[in-house]
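See below for the structure under consideration.
Chain nomenclature is as follows: A, B, C, D and E, assigned in order of appearance, with residue numbering initiated at 1 for each chain independently.
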Amino acid sequence: MFELLGITPQGLAAQLLVGLINGSFYAILSLGLAIIFGLLNIINFSHGAQYTMGAFIAWIGLTQVGQWFGFPDFSINYWFALILVPLVMAGFGLILERTMLKRLYHLDHLYGLLLTFGLALIIEGMFRHWYGISGESYPAPELLQGVIPLESIGIILPKYRLWVVIASLVVCFSTWYVIERTKLGSYLRAGTENPKLLQAFGINVPLMISLAYAYGVGLAGFAGVLAAPIFQVNPLMGSNLIIVVFAVVVIGGMGSIMGSILTGLALGLIEGLTKVFYPEASGVVIFVIMAIVLLIRPAGLFGREK
Amino acid sequence: MSLKIKLLYGILVLIALLLPFQDFIYLVFAMKVLCFALFACAFNLLLGFTGLLSFGHAAFFGTAAYITAYFCKEAGLSPELGVVLGVLGSGILGFLIGSLAIRRQGIYFAMVTLALSQMVYFLAVQLPFTGGEDGIQGVPRGMLFGLIDLKDDVSMYYFVLAIFLLGFALIVRTVHSPFGQVLKAIRENEPRAVSLGYDVDRFKLMSFVISAALSGLAGSMKSLVFQLATLTDVHWHMSGEVVLMTLLGGMGTILGPVVGAGIVVGLQNYLANIGSWSTIATGFIFVVCVLAFRRGVVGEITHFFKSKS
Amino acid sequence: MALEVKNLESWYGESHILHGVNFAVRDGEVVTLLGRNGAGRSTILKTILGLTSKRTGSVEIYGNQTIALPTYKIARLGVGFCPEERGIFASLSAEENLLLLPEISSGGMGLDEIYEMFPNLYERRNSPGTRLSGGEQQMLAMARILRTGAKLLLLDEITEGLAPVIVQKLGEVVTSLRNKGFTIVLVEQNFRFAAPLADRHYVVEHGNVVEVVNQNELTEKASLLNEYLGV
Amino acid sequence: QTSKVSGDVIKIGVLTDLSSIYSDLAGPGAVIAAKMAIADFSKDGTVIGKKIELLSADHQNKADIAANKAREWYDKDGVDVIVELVSTNVALAVMEVAEQKNKITLVSGAASLPITNEKCTANNVHWTYDTYALSNGTAKAVVKQGKKNWYFLSADYAFGAALERDATNVINANGGKVLGTSKHPFPNSDFSSYLLKAQASGADVVALANAGQDTINSVKQASEFGINKKQTVVPLLMFISDVHSLGLSAAQGMFLTEGFYWDKDDKTRAFAKRFILQHKRMPTSVQAGVYSSVLAYLAAVQKAGTDDTQAVMKVLKSTNIDDGLFKGKIRADGKFEHDMYLLEVKKPSESTSPWDYYNVKAVIPAAEATQPLSLSRCKLVTNK
Amino acid sequence: MPIDGYKDLGLQETILKTIGLGKTFKGFSAVSDVNLDVTRGTIHALIGPNGAGKTTCFNLLTKFLEPSSGQILFNGLDITKERPAQIARRGVVRSFQISAVFPHLTVLENVRVALQRGLGTEFHFWKSGNSLNVLNERAEELLCEVGLADFAHEETLNLAYGRKRALEIATTMAMEPELMLLDEPTQGMGHEDVERVTELIDRVAKGRTILMVEHNMKVVSSIADRITVLQRGSVLAEGSYQEVSNNPLVVEAYMGTHGGDGA
């Protein structure tokens, strides 16, 4: 059989598909980060923790809420959680923004990063304290359990993973459309640069900023729910991911919406291939790419040069 | 330097000198604080006085730690030579990373340094001589200049203290030197400095290399004090920690990083036993600091006295 | 009354800049604020829009008390602002900058009309905003508020860095705006430019209005102005 | 010349991972186990008339923090023995310090064979299990079932390598073959690429040479990709806490090797019942090992009549241990040689009560579960 | 072909010469085929409508931008390939359209930063800062010249705008430039300041050459010896103020009917 570097074409196709799945998580998380960075000038270090929180809330909804209120049979199912959790997270984001982040806008990026870093520690610590480190498992919804056996071409694809790719692509691209192709988008970009002035032109910038943060956090929550059935729901699931997602945002170009989506997907693929051909390096490949990109294109692949 | 400040420094040095004559503070703890204080000061030279936020300083700290540990253990080198090699190594690494990174600014500079230091981390995991996850353990402290046995914590302490004071003095001197003056000008208005004929990149690079080498000095000392070098030393958490120390103490202040290092190391030590609560507590401290004490401890104190007078 | 300012005080952080400013502009009038560098003229405009960190006193715009309103609501009362550093957005193209501002009320100029007025802008419309030359940015800053339909214009040093021909053109623009019934507060360094345009001149010094000069008093008070402004 | 008991008190330090990735399998539960051991040893908390004190600290799984704490404990707080020490790198670092300071370490959580092999020290006992035992339990049993072709997913660090190496030896020795290995970064959350490779390799067995969260995620994703249908997934190291969070439906049918299972006999059940009252979770083998090691240490102090390191070590190494949880003796290289159990995870339908997770498939006799001294590279053994 | 200028150095009439200088930004040509000839010892003004390419020209001359075409000769020497800092060290020093000072240094320190290069200790990080005090005298002299002597120890941040411009000129002079490039030095200044700065420029021009961009015709007419008018990136006219201001093309494109009495 025809083989390339010890791997069959079918195998390669499967690997690319799997890479794409990871890429969708990168895309959806880095999209949230990019929106927040773009508008608030804050590097939202707690993004990972908020993703974790999304997964945990979904799990709590499914298995715990009923008991809390004395109706052991009551539970919030996956589909419901997929809508509810992002909303809850957005509300949480709104509170954070109104009470804390708001005070940091006039300062260096650094402070936002430190504050959200602190928040991440608190959130992570709480879940660790309540639910331990090993985490909890969350079953995929009935509808999406099982695999799509494409054995003729040697690929077995879990239905759920396919759903993840579709769901996140839809969310990513509709977000992109709203931001880049509508008036709202130019407000967002202008607001990034000079929020005070934009206000003087009659735009409710504080509200816009709050909503943007809430939306970003909501996206993290959404990604959390999507991830819950794949990965163990555990307090560290986000912090392991977040550094990589930062790199994605930087490679894509900080604040560039399309950049973060495409780079997220592409890096998922590249990382997947690295895992096949040189697995030891899969942890570092993204950083190598980041260094190269920044040296060649300082503003990132899709970033605007200042 | 005003008289008052000289007096303050005098008292601090005196306290440091007398430290071994008590039982309350554990000497190894004090040495750890000194190592990290030096590290934070070196970092602050870059952040506070050159305006460059590096998110990859662990690379220098860790590289020197590994080099010193390796040569002292495997080649049986004396501690002073081990330290010199460590500093040299991190200085060269600083030159390499710096030459790439200083071409970028702001948040991108931070990210390039992070990326490059992740590669150093990767190398540390993969190269055989670092001992992977186990690190290099059981590094002998050896005989300083072939004379003083550093196995004894007290002599080791004085060695660390001397190195710290040397490094600290060098940093203070650098900040106020002609070189430091140009750095300050660059930080304030880079294009203007260029138009005055200063080759800005060379200044930034130089400052980067000095900072890297001194961070390396701190790392080398640390590996002797604890007699081990591990992945923790090159991990990005370490880079984050030094940012925290500097910020908490007050960036751009001379003494701030020292205080910050003291607080952070102390917290780590005393919060260590409460498990997940310690994470929560650290997070809480971050949040409170950023919201309420932004100038850092030393910065707030100076500000208080300034606004009173 | 389009704008009435009473006892206006204002701060940037700790520093107290305005100390009780009073003046009023009727509908359709053009007034200038004159003064030395640092007198506080720009600060008056910013304070009217609530852009300083703290303010007290009274500002009425078309009869609405605005002292406690957030900036964006003030703007929506029909205020157009052209700031002194021009405030062009770098991440938007020239045309996006132009189209950015929401229309506050009907009666704004159309895009064609604007490009006709400033042909430079048409030529550079797809460049990133801050890549325009200094003067082009100035034109853009002025042009974009004409689109919004705002009737009260606060203009801060609009002739700064412009070639004499363009300055002349701006003079014509202001005159025509005035004829269309706009109300304009002009902060100017360039007295020759401002003198023939305005109904009234207010002289600002150390955060206070220290003198009012009407159009018809210009000649008799020339020496006074000279003393204040060195004109 | 000096008092028989240093500092007039017996101090036991539990140095463990209280907050990081291994805090569920060791962590706070290990501290509770140590407390129980002290309470069980003497009602008034004394041994040879001296008070017993317990300290605990979090090493966050980092060798430097652990070494630092150990140094401080031995130097400043007068700690006599440090127990638990999950993670090989931590254990090795602390053993090094202990050797310098002439104090004792009793390792329970760390797994790698080198602890009593090339890196052995005279003042250390490796209590609960090691990679040799794991391989000789699970790997041997599976090869003997006729599943000869293996593919490894190994965590890319010392422990993963050690486990892979030991298991490979066993596989080769029993006529099996290793077809390939994927080294994954540690920690890692997505295993799908590696699993696909394992699937493509056509091996009978996909062996997991990793631990904790990594194992859980690999097992979970293996079942998601349907790998467990055609191939056998074998976690070389898995604790009951892992099975608990994985859930039986994903874990059912897997083989694993443990040094302790709470539901083995009346004595273990009695211990477990008391433990769960305090900790809300069943003891893991590591936690049980901590209990056993503290108990044995106190007994040795009593017997020696002093806390002098050499004297205590001598007693420890010359006394048979049988506390109801573990039974065996400590060898010259510091390995506590005892039986291990080959367990099979129950199907959800077989499980009748909470934490009823395993069928005991076989008892692996101590001799088989421990590397023979003749192969040892420990300096204490080879020098003789 | 680079011209070998060493031969008649010192006698050289022309201090700065550009040959066919051009710059395009993504197809838009901001400056094209500009041939400038700046005579030693003169004040040469560069004027032109907005967007004509004046600032871009400055950026090219000081290499803040890379020319797309053409050559720059300074004292007959081809400096087209040199780096910005190098050019500054040759004696071509610029000021900025937007005021450029070091805000958190004192006024004296601002000037000292420029003088410091002369000591050659700029990389000496081990030397005491006090070693710079030898420069204070010269710095104070320079401040005196621009009328800032009383503000020497003020933090620059607190200076009024006009004074910042004066400081900038003092700093530029500290470089002992042969050629000073000033970009709209009077922009945004009150009348008194404009007059003071105009006078100042006239004064410091002694023994130097100045190339300036300026929209204020009063300033240009009173001090400029020679004027080049740019339009759409190319030279429209050149000559004395009289010649230029009577050129109908210039009047139409730039001066307007009021002539140059902008301020």
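As a convention for this text, a contact is a pair of C-beta atoms (placed from the backbone, for glycine too) under 8 Å apart; a residue touches a chain by one contact, two chains touch by 3 or more.
Computed from a prediction, not measured in an experiment: that's the story for all the values here.
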item	value
For subunit B, the least number of touch steps when starting out from subunit A	1
Partner chains shared by subunit A and subunit E (touch criterion as defined above)	B, C
Length of the shortest touching-chain route, subunit B through to subunit C	2
Between the pairs C-E and A-C, the one where more C-beta pairs touch	C-E
Most remote chain, CA-based centroid, reference being subunit A	E
Distance-maximising chain from subunit C - centres being C-alpha averages	D
Distance from subunit E to subunit B - Cα centre to Cα centre, in angstrom	43
Whole-Å gap separating subunit A and subunit D, where each centre is the average of the chain's CA atoms	36
Multi-chain contact residues (two or more partners), subunit C	none
Shared interface positions of subunit B, touching two or more other chains	275-276, 278-279
Subunit D residues counted as touching two or more neighbouring chains	19, 23, 27, 156
Touch relationships between chains, expressed as pairs	A-B, A-C, A-D, B-D, B-E, C-E
Of all residues in subunit C, those that touch subunit E in their complex	36-38, 120, 124, 127, 131-136, 138-139, 157, 159-169, 189-193, 229-231
List of subunit A residues in touch with subunit B within their complex	43, 100, 103-104, 107, 109-111, 114-115, 117-126, 128-129, 243, 246-247, 250, 254, 280-281, 283-284, 287-288, 290-291, 294-295, 298-299
Residue ranges of subunit A touching subunit D (in the complex, touch as defined)	7-8, 11, 14-15, 18-19, 21-22, 128, 132-137, 140, 147, 149, 154, 156, 158, 160-161, 230-232, 234, 236-237, 240-241, 272, 275-276, 279-280, 282-283
Residue ranges of subunit E in contact with subunit B within the complex	62, 64, 83-86, 88-89, 93-96, 100-105, 109, 112-114, 116-117, 119, 121-129, 131-132, 171, 175
Touching residues (chain side subunit B, partner subunit E) in the complex	170, 173-174, 176-182, 184-185, 188-189, 191-200, 202-203, 206, 210
